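The following pair of complexes shares a single chain, chain A, combined with chain B in the former and chain C in the latter.
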Partner chain A sequence: MKSEFRIKSFCHVKNNTISFNGSVIYENLESPDFLAFAKAAYRNFDIKYSKFFKMDGLSKLALLASDVILKNEHLDSQKENNIAIVFSNKSSSLDTDRKHQSSIEDADNYYPSPAIFVYTLPNICIGEISIKYKLHSENSFFIFDSFNAEHLLNYSNSLLSIGKADEVLCGWVEYNGTTYEAFMYLVSKEGITQHTKQDIIKLYTI
Partner chain B sequence: MSKVYLSYNNITSPLGFDSETVVKNIHHQKSGLRLINDKNILPVPFYSAIIPSKDVSNDFERLNISGDFTRLEKMMISSLSKVIKASNKPLTDRTGLIISTTKGNIDVLDKNSTFSKERANLSTLGKVIKNTLGFKNETIVVSNACVSGILSVAIAKRYINQGIYDDVFIVSGDMVTKFILTGFNSFQALSDTLCKPYDKDRTGVNIGEAIASVLVTNDKNELPNEAVVILGEGASNDANHISGPSRTGEGLCRSIESACKEAKVTSSDIDYISAHGTATLFNDETEAIAFNKLDMGDIPLNSLKGYFGHTLGASGLVETIIGMHSLYNNTLYASLGFDKHGTSKPLNIITKTTTKPLDIFIKTASGFGGCNTAAIFKKIK
Partner chain C sequence: MEVLKQELKENIIEQLNLEDITVEDIADNDILFGDGLGLDSIDALELIVMLDKNYGIKLTDPKEGREIFGSIEIMAKYITEHRTK
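Presenting the complex of A and B:
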């Protein structure tokens, strides 16, 4: 099936490696866990978002992946950039949910904190990216059992075809404390890859 | 593009287990909020609207469905099954299912829960509802903070316009849990009195729980009396702060403009605003700024939080359903808890339940993460 929209670029963050359009652009195989990896990658790419260190794992993962894609767009923040953000994952914000839960479980060890609680929503990572790139666009966070190319395809086509967005930053950002994986891609009117379910799956599984 | 309608609907809440009963209670300005003093949930007393567990069980047992279900699952299954039955629609491969929730079965993380921790996964909740009620397609779970309920309506419409589905059933719900209350309390966002949206003396939110279900369809036949057509919708991020609204109402303004543009209406066409009105200082002030910027300050407006509390991922849909009935009944319902104007810009708060010919209303919502959504509806009958 042909599509009127194209995939302009894509990014993977997994296994201590960040790749852009299929080529490795950063790896740090010594990092003991994602948070150490994320810190090193943040410094390497000189991202400049001081809140990064206060963010939870899911937001760090989403910000790293979207920075790779959006930096390449050389956005002019003085102009209107109508790039919608449509993310999905399996574990929602459960890693942070468990942290909040452990802060309220025991009356003798009771320390609920707004700095943690605010991250008990998966769409907070979209908020962080919107702030960093000044995107006043459409956004939504979906939960599926596994990567759902068909849903992302249908929903981003819908946003583009009814004119709610000029481009859509789409993807899967899964972080559950022990494992992590981000796959993000930019859907646009131009680009080298067709925007079809098969093409999305092909890029996802690279 | 074919028209998309909001059709059969249900609200399950402390004010009743069907939309008509809930609306009747709102007409009589009855609130579901009560003072609760339970140190196992929160060290301080709090106001909340909680559905009695006995009523949840009784309502669910009528269905004769066997299996081990959480409290939220029971309420979602009961509520949604009523809407499926009323609509008389078969569940085919052209039928979608959306679940709108912020926290789903988050209470299973508690050490005393008898359910497996895996049940906290929202995709598991999606599977339980899909399989129990016999949907063919995978559940789409929308978890986008406090705009989830109204955003789900926009998403359902987009799916139908895209030609993927003909019918989409939405069930939205969140519960009052220790998890949620302790979190909002840590933000010092909870009011120690009944919440007072837009009032000068407002001090914060009351958290409540509710389930709302609706059929979104392109089938203009067999619609109930209160059905509405969706004229337009839009969502926009503030790109300003993750836990507070933009002081300028930027995202809210943009979402309303996006909805108005698609609906081809201007502020003078809108008869009623069903606003978010959480009763926090900043939220209500931001809304007043946004509505005034868009020349909507004189449109009759209410917040329904004084009846239900803030029902999080359900609130947008609960309030949309009340709006549908408001149009059909030609009645503007009083914004409970409001006495004295308390925003820097004027708002036309509905202080007394009044009858008036109504045709078009707008529903707006804002949430953590800077998200805002607006949708505009017009009555059919």
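Presenting the complex of A and C:
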């Protein structure tokens, strides 16, 4: 089945490796955990967003993956870029939720951290990306048991078809402390790969 | 007071995740917010929690923080005068 839209580019972040359009562009196999890996990758790509260090793991993962795709678009920071964001994952913001809970479970030592609390929603990572790239666009974050290509396909096609967005940054951004995985792709009218369920799954499983 | 200033600088860097800043980079009279260290409103709330947790000082009005968190010098003076632990 053909689609009127295309997948312009895609990115994977997993196993201490970042790849763009199927080619490894950064790896740091010595990093002991994702946070160390993210910090090294941030410096390697010279991202220049000092708030990065204050973010939770989910937002760092989402920002790293989106940066790989969006910097390739050479966006004009003086213009509003109508790129919608549609993300999904399984664990929502559970890792940060747990950290927040641990700061409030002892009534005699009740010091909730505002800096942690602000990340107790998964869609905060979309806000970080929107601020960094000045995106004033539609956005949604869905929770599924596993990667749901069909839902992302239908939702992004709808946004593009009714003119709510010029392009859509879609993806799976799963972070749960010890495990992480990001797969993002940009849906557009340009690109070689068809925007179909089969093609999305094919790229996801690369 | 000098020990307290040093402690405040270390705590601020650690608790506010100021990755590229060292204790030596913060002068006692540097402005902490806006064009100074570039701290934001969430950082201000974090500092209010730090005052409570470390020094037993409860700020009920966040606006008070604007003056108290003006610089390390001002913070140290306020803490010295109001600390309960």
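In the analysis below, the second predicted complex is superposed on the first by the 206 of 206 C-alpha atoms of A that agree within 3 Å, B and C clash if a C-alpha of one lies under 4 Å from a C-alpha of the other, contacts with A are read in each partner's own complex, and residues count from 1 in each chain.
Note that contacts are C-beta pairs under 8 Å (C-beta built on N, C-alpha and C of every residue); 3 or more make two chains touch, one makes a residue touch a chain.
These numbers come from a predicted model, not from an experiment.
Peer 1: Could you say whether A:198 touches chain B, chain C, both of them, or neither, answering first, second, both or neither?
Peer 2: Touch partners of A:198: none, neither chain B nor chain C.
Peer 1: In the superposed arrangement, does A:44 touch chain B (first), chain C (second), both or neither?
Peer 2: neither
Peer 1: Spot which of chain B and chain C makes contact with more residues of chain A, would you?
Peer 2: B
Peer 1: In the superposed arrangement, does A:113 touch chain B (first), chain C (second), both or neither?
Peer 2: The answer is both, since A:113 touches chain B and chain C.
Peer 1: May I ask you to decide whether A:104 touches chain B, chain C, both, or neither, giving the answer as first, second, both or neither?
Peer 2: A:104: touches chain B, not chain C.
Peer 1: Could you tell me if A:15 is touching chain B, chain C, both of them or neither one (first, second, both, neither)?
Peer 2: A:15 sits against neither chain B nor chain C.
Peer 1: Look at A:121 in the shared chain and tell me whether it touches chain B only, chain C only, both, or neither; answer first, second, both or neither.
Peer 2: Touch status of A:121: first partner only.
Peer 1: Determine, under the contact definition given at the top, whether A:136 touches first (chain B), second (chain C), both, or neither.
Peer 2: Once the two structures are laid over each other on A, A:136 reaches chain B alone.
Peer 1: After superposition on the shared chain, which partner residues are touched by A:54: those of chain B (first), chain C (second), both, or neither?
Peer 2: After superposition on chain A, A:54 lies in contact with chain C alone.
Peer 1: What is the contact status of A:179 with respect to chain B (first) and chain C (second): first, second, both, or neither?
Peer 2: After superposition on chain A, A:179 lies in contact with neither partner.
Peer 1: Which chain A residues contact chain B in one complex and chain C in the other?
Peer 2: 112-114, 118
Peer 1: Can you list the residues on chain B that touch chain A in the complex?
Peer 2: Those in contact with chain A are residues 43, 102-104, 106, 109-111, 120-123, 126-127, 138, 140-145, 151, 155, 158-159, 161-162, 164, 178-179, 182-187, 234-243, 250-251, 254, 258, 262, 367-371.
Peer 1: Mind pulling up the chain C residues that touch chain A in the complex?
Peer 2: On the chain C side, the touching residues are 16-20, 38, 42-43, 45-46, 49, 52-53.
Peer 1: For a test of understanding, state which residues of chain A touch chain C in their complex under the given definition.
Peer 2: 39, 50, 53-54, 111-115, 118
Peer 1: Tell me, which parts of chain A touch chain B in their complex?
Peer 2: 85, 90-92, 94, 97-98, 100-101, 103-105, 110, 112-114, 117-118, 120-124, 126-128, 130-131, 133-145, 148, 151, 154-155, 157-159, 161-162, 164
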